[in-house]
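Comments concern the structure below.
By written order: A, B, C, D and E. Residues from 1 in each chain.
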Amino acid sequence: VTPEEIKAKGTATIGVQMDQFPWGFIDQNGQNDGFDIEIAKLITKELGVDVKFERITGQNRIPLLVNGNVDFLVPSMTITEERAKVIQYVIPYSSNDITVWGKNDAEIQGNDDLGNYVIGVNRGSAFDPLLVKVAPANTQIKRFDDDATTVQALLSGQVDAILGSVTYGLVINQTGNGDTFERKYKVADNFQGMAVRKGDQEMLDFLNDFVARHTEDGVLDELYKKWIGSDRAKLPTTLPGVDFTGKE
Amino acid sequence: MIRQFGWGEFLFLLEGARWTVVLSLLAFTVGGALGLAVALGRTSKWKLLRMVTAAYIQVFQGTPLLIQLFFVYFGLPLLGLKVDVWVALTIGLSLHTSAFLGEIWRGSIQAVPDGQSEAARALGIGYVHRMVDVVLPQAFRIGLPATISFLVNLIKGTALAALLGLTELTRSGQLMANITFQPLQVYGAVALIYFCICVPLTYCSARIERRLNAAR
Amino acid sequence: MDRSSMSDKTIEMIGVNKWFGPLHVLKDIDLTVARGEHIVLCGPSGSGKSTLIRCINHLEEIQKGAIFVNGTELGPQGNNADHIRRDVGMVFQQFNLFPHLTVLENCMLAQRRVRKTSVAEARDKAMRHLERVHIAEQAAKYPAQLSGGQQQRVAIARALCMDPQVMLFDEPTSALDPEMVKEVLDTMISLADDGITMICVTHEMGFARAVAHRVIFMDRGEIIESAAPEAFFSNPGHERTRAFLGQILNH
Amino acid sequence: MDRSSMSDKTIEMIGVNKWFGPLHVLKDIDLTVARGEHIVLCGPSGSGKSTLIRCINHLEEIQKGAIFVNGTELGPQGNNADHIRRDVGMVFQQFNLFPHLTVLENCMLAQRRVRKTSVAEARDKAMRHLERVHIAEQAAKYPAQLSGGQQQRVAIARALCMDPQVMLFDEPTSALDPEMVKEVLDTMISLADDGITMICVTHEMGFARAVAHRVIFMDRGEIIESAAPEAFFSNPGHERTRAFLGQILNH
Amino acid sequence: MNYTFDFAPVFAAWPTLLEGIMGTLRMSSLSMVFGLGLGIIFMMMRMSGRPGLRTVAVGYIELIRNTPILVQVFFVFFGMPAIGIRLSGEQAAILAMTLNCAAYAAEIVRGGVQSIRPGQIEAGRALGMHTADIYRFIVFRPAIRAVYPALCSQFILLMLNSSLVSSVSAEELTYYAQTLDSQTFRSFEIYLTLGVIYLALSQVLSAVLSLIGRVYFSYPTK
């Protein structure tokens, strides 16, 4: 689709992930809320159309986009080279440091220590392939369906440590487990991007412009501070192996 | 900032349960009609029809519903057929349901003693009335317990609709678990709701079974 | 009935052969039944008696030969089967009443669905025939609530409701307790008095003596002997018939 | 056997009463059976014949009265039931062979599990009794592969393998085709010649005449008449007996 | 849609998929065996004369049959550590599937036992056999035979449902397939292959079960 087509329709169908607290979740009133949601609303406001949210999951978001069930994605989805072969990324709009969390007594200082422990990760997220890449080959990896079960696996002692979003810390603290578990180290930057179908050049240009403008005017920084509670890092506009221009 | 699992969260689950019920009814009505056709095909006197329906049952009973749904929703568009979520769910669940019900009902039709349909034939009653007035009413009673226990499984099976983005009961549970990070409480509540939806059915089935046994 | 008056053929079987897979169960059966004639068919288990009468209303297909009922030919693929079944009533060993319908509904179903009779008319006729078999007061009950003998009488009434010209009976009393046999036999005897054409598979030799015009003995798919009852019992023409009679009469 | 020699009591029923819920099916039954005596029990359907013999080996509980078998009392809660069942063999109308076991295994099972006999011994005895009922050549077959008459003979052999002193028969021939009745009756007659104690529910009056020392007629839970066969058939003492005999002998 | 199919990454991963197949077979066959055994125990409790036992059995059976297996797996995996029992994903999956299978098997087998004519039990009693022996030697084989088709389809359903235990990182077929999916994004190819494998597995399983049935439960009947 193009922005013009969306304007003609009067509604934009946007894929958002609702099981990613605090990026996207359902609030007390049953409404969609979170960082991604506000951004999606901002986009439709600029387009002058209504918004229709399609709740996506880690497993179906790419097929849903490729098949045209949604117009574009505003997911908390990590930009990876593999995914970039299938879908078209917009330049990064947020970041989420990939962090290892573990039991206090687990001696994990860096990637090489992972091999001595059982590590949990959210399957279908970008954390999974990253973990496979950085951890020693003999690492025992346990994969779970979503963030909640991954964190739960750590809390219930089924795994020694988990690799994932920096926001897991919010959860660990707020469930009263801050004393038993701790942040170990940062594994990597994690740049997140919206995505459109390959070939939707006008849509891509529009969104690239959107991200650039609101990085400029500080709107994105403000939202990030509001939801994630820390400052938004300075984000790159190019990444090796990923094309943001739609021209290649 | 993290929510606790409380009353509002429970209501959210109930909202998801609404879809579970709608989906089950949909699958059961459409799939049931199709299943009857499959059962009649399986018991027909034409060999070709029997073979086709047997193959149909094999395929749709032999693959997980998850994969069937995936194909209808994500696969058909590859053939240039874009399907709406509800159309896809109706097709996917109905194929699945009709294969299972077809097989259950085939068994019940065959469990009606041959003498019954012979007596009807000897009276000159044609196929349609023989089925409608003589065989099916009896087969229905025989197949009811199995049908209901399948229905219970179907209700639980509709959880897979989450794959197509529908927030039904199980998916609501996952969402809530990811907001409250209290999976055990959330899934306990989910189980409770399923239990409340399903238990009247199993209760009916037990009663019917008892009545049928007593009638013998 | 005077035998000379039975010139008119109701059933004619010519060179009928039937196989179940490799099993040859009817071998060149030739049989003519006159209007109003009563035939008793007997023979050892597995000799093909049931199969023979089931062929007459096409509950079984035949592979060779021809069957005519009232002058209409029954084709091998069952052409005319529906037509013929209207003229031929059948009563089974296991009664085969429809368990989910009341006695009255059992008797009305075929009238309504096949003859398209009105409800009132169908009910009238059903009640008439139920009275005839002395069971009208049970009309509202379900088959499972009746004794075997009563069920069999309902089965007879059900067949009669279609005004058949021929009645086929396949061991109608052999599933019954000894005491109930009599009430069913009495009903059948009263039918015989009406002059309806009957073919009855049975080992009730008293019944054969009382109503049969002819007794036919079958063995291994063949008709071995066919004679009037007096001759049949007193002086069977074949060794096998004699052996069989010895078995069933002597204990 | 000379009647005066049967002084020894094998079975004694004293004032036996039995109810099924509100239904009073056995009313003050007094019955003594001497060692070696053969009794035929008859009566209309539902009169309590089966129930009576089933009480003897405690397949049914009694609510009042006492039953002694070989001098051992069968308590109302089934005390001594296991002990008594070893002395009492039973043959059912529906044969009740175990369909998943061969004929030989059917005959060996109880020997192995109850008497803990060795395999070889159990097989020997089973084969002996199968020969006795003329069916040893079918030992490796399954029940479903046998005719009804053969199945019933196996059932008899199975019971005999436990060396019972008493045999109970509950309408052993009434589920059989007419032709097979004779082979089973012959087997039973040969048992009678052995001097085993027998109680047999049957309507085969020829059998009663041939082997019974006493024929007992029951109606509505009571013993109405008990007499030697000659007297029983030629000159029944009660109206009900006469009516019943008229029913079962006259068709 | 111009989607070009590319099965190369799927086929390249065949050792992983094979491992998944083995996992699926291992977990589901163990659960079938244990589930049937446990199911028979629950069935006997349910049919016993003691109201206490009956209530426990009915409660168990209804609880399991009316809640999703996914939730059951969750409780075993995440809930049991709270009482000090920590099972691996695979152990938890086997335990949950066994508990699940037992509830269904109990009901199915009960139908079989009830289909046995009382005359069979009476014949055993008349021969002086004890109740336990009567069940063991007379009732069970014909009872299971009577419901064997239903039991087999329950087993096949169990095998297909084992795809759900991937959510506690039990390493079966769907687990590996989804992992593969998140690495290659060849969803269609992966799901197509997965469908074919499950179809083949269910065919093989039903062939094996019917072979077992032919050996253990076949004797001529009329």
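Here is the rule we use: a contact is a pair of C-beta atoms (placed from the backbone, for glycine too) under 8 Å apart; a residue touches a chain by one contact, two chains touch by 3 or more.
These figures come from a predicted structure and were not determined experimentally.
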{"item": "Chains contacting each of subunit B and subunit D, listed by label", "value": "C, E"}
{"item": "Most widely separated chain from subunit E, with each centre as the mean of CA atoms", "value": "C"}
{"item": "Centroid comparison with subunit D (C-alpha atoms), farthest chain", "value": "A"}
{"item": "Chain-chain pair with the highest tally of contacting C-beta pairs", "value": "B-E"}
{"item": "CA centroid of subunit A to CA centroid of subunit C, Å", "value": "81"}
{"item": "Between subunit C and subunit E, centroid-to-centroid distance (C-alpha), Å", "value": "51"}
{"item": "Mean-CA-position distance for subunit B and subunit A (Å)", "value": "36"}
{"item": "Interchain centroid distance [CA atoms averaged], subunit B/subunit E, Å", "value": "19"}
{"item": "Where subunit A touches two or more other chains, by residue", "value": "59, 63, 67, 145, 149, 152"}
{"item": "Set of subunit B residues in contact with two or more other chains", "value": "74, 77, 183-184"}
{"item": "Multi-partner residues of subunit E (each touching 2 or more other chains)", "value": "1, 3, 74, 78, 187-188"}
{"item": "Which chain pairs touch, all of them", "value": "A-B, A-E, B-C, B-E, C-D, D-E"}
{"item": "Subunit B-facing residues of subunit A, complex", "value": "18-22, 25-26, 28-30, 54-57, 59-60, 63-64, 67-69, 145-149, 151-152, 170-171, 174-175"}
{"item": "Contact footprint of subunit D on subunit E as seen in their complex", "value": "117, 119-120, 122-130, 133, 137-138, 141-142, 145, 217, 219-222"}
{"item": "Of subunit E, residues touching subunit B in the complex", "value": "1, 3, 62-63, 65-71, 74-75, 78-79, 107, 114, 149-150, 153, 156-157, 160-161, 163, 174, 187-188, 191-192, 194-195, 198-199, 202-203"}
{"item": "Complex interface listing, subunit E residues touching subunit A", "value": "1, 3, 74, 77-78, 81-82, 86, 89, 166-169, 175, 178-179, 181-185, 187-188"}
{"item": "Subunit E-facing residues of subunit B, complex", "value": "58-59, 61-64, 66-68, 70-71, 74-75, 77-80, 103, 107, 146, 149, 152-153, 156, 159, 170, 183-184, 187-188, 190-191, 194-195, 198-199, 202, 213"}
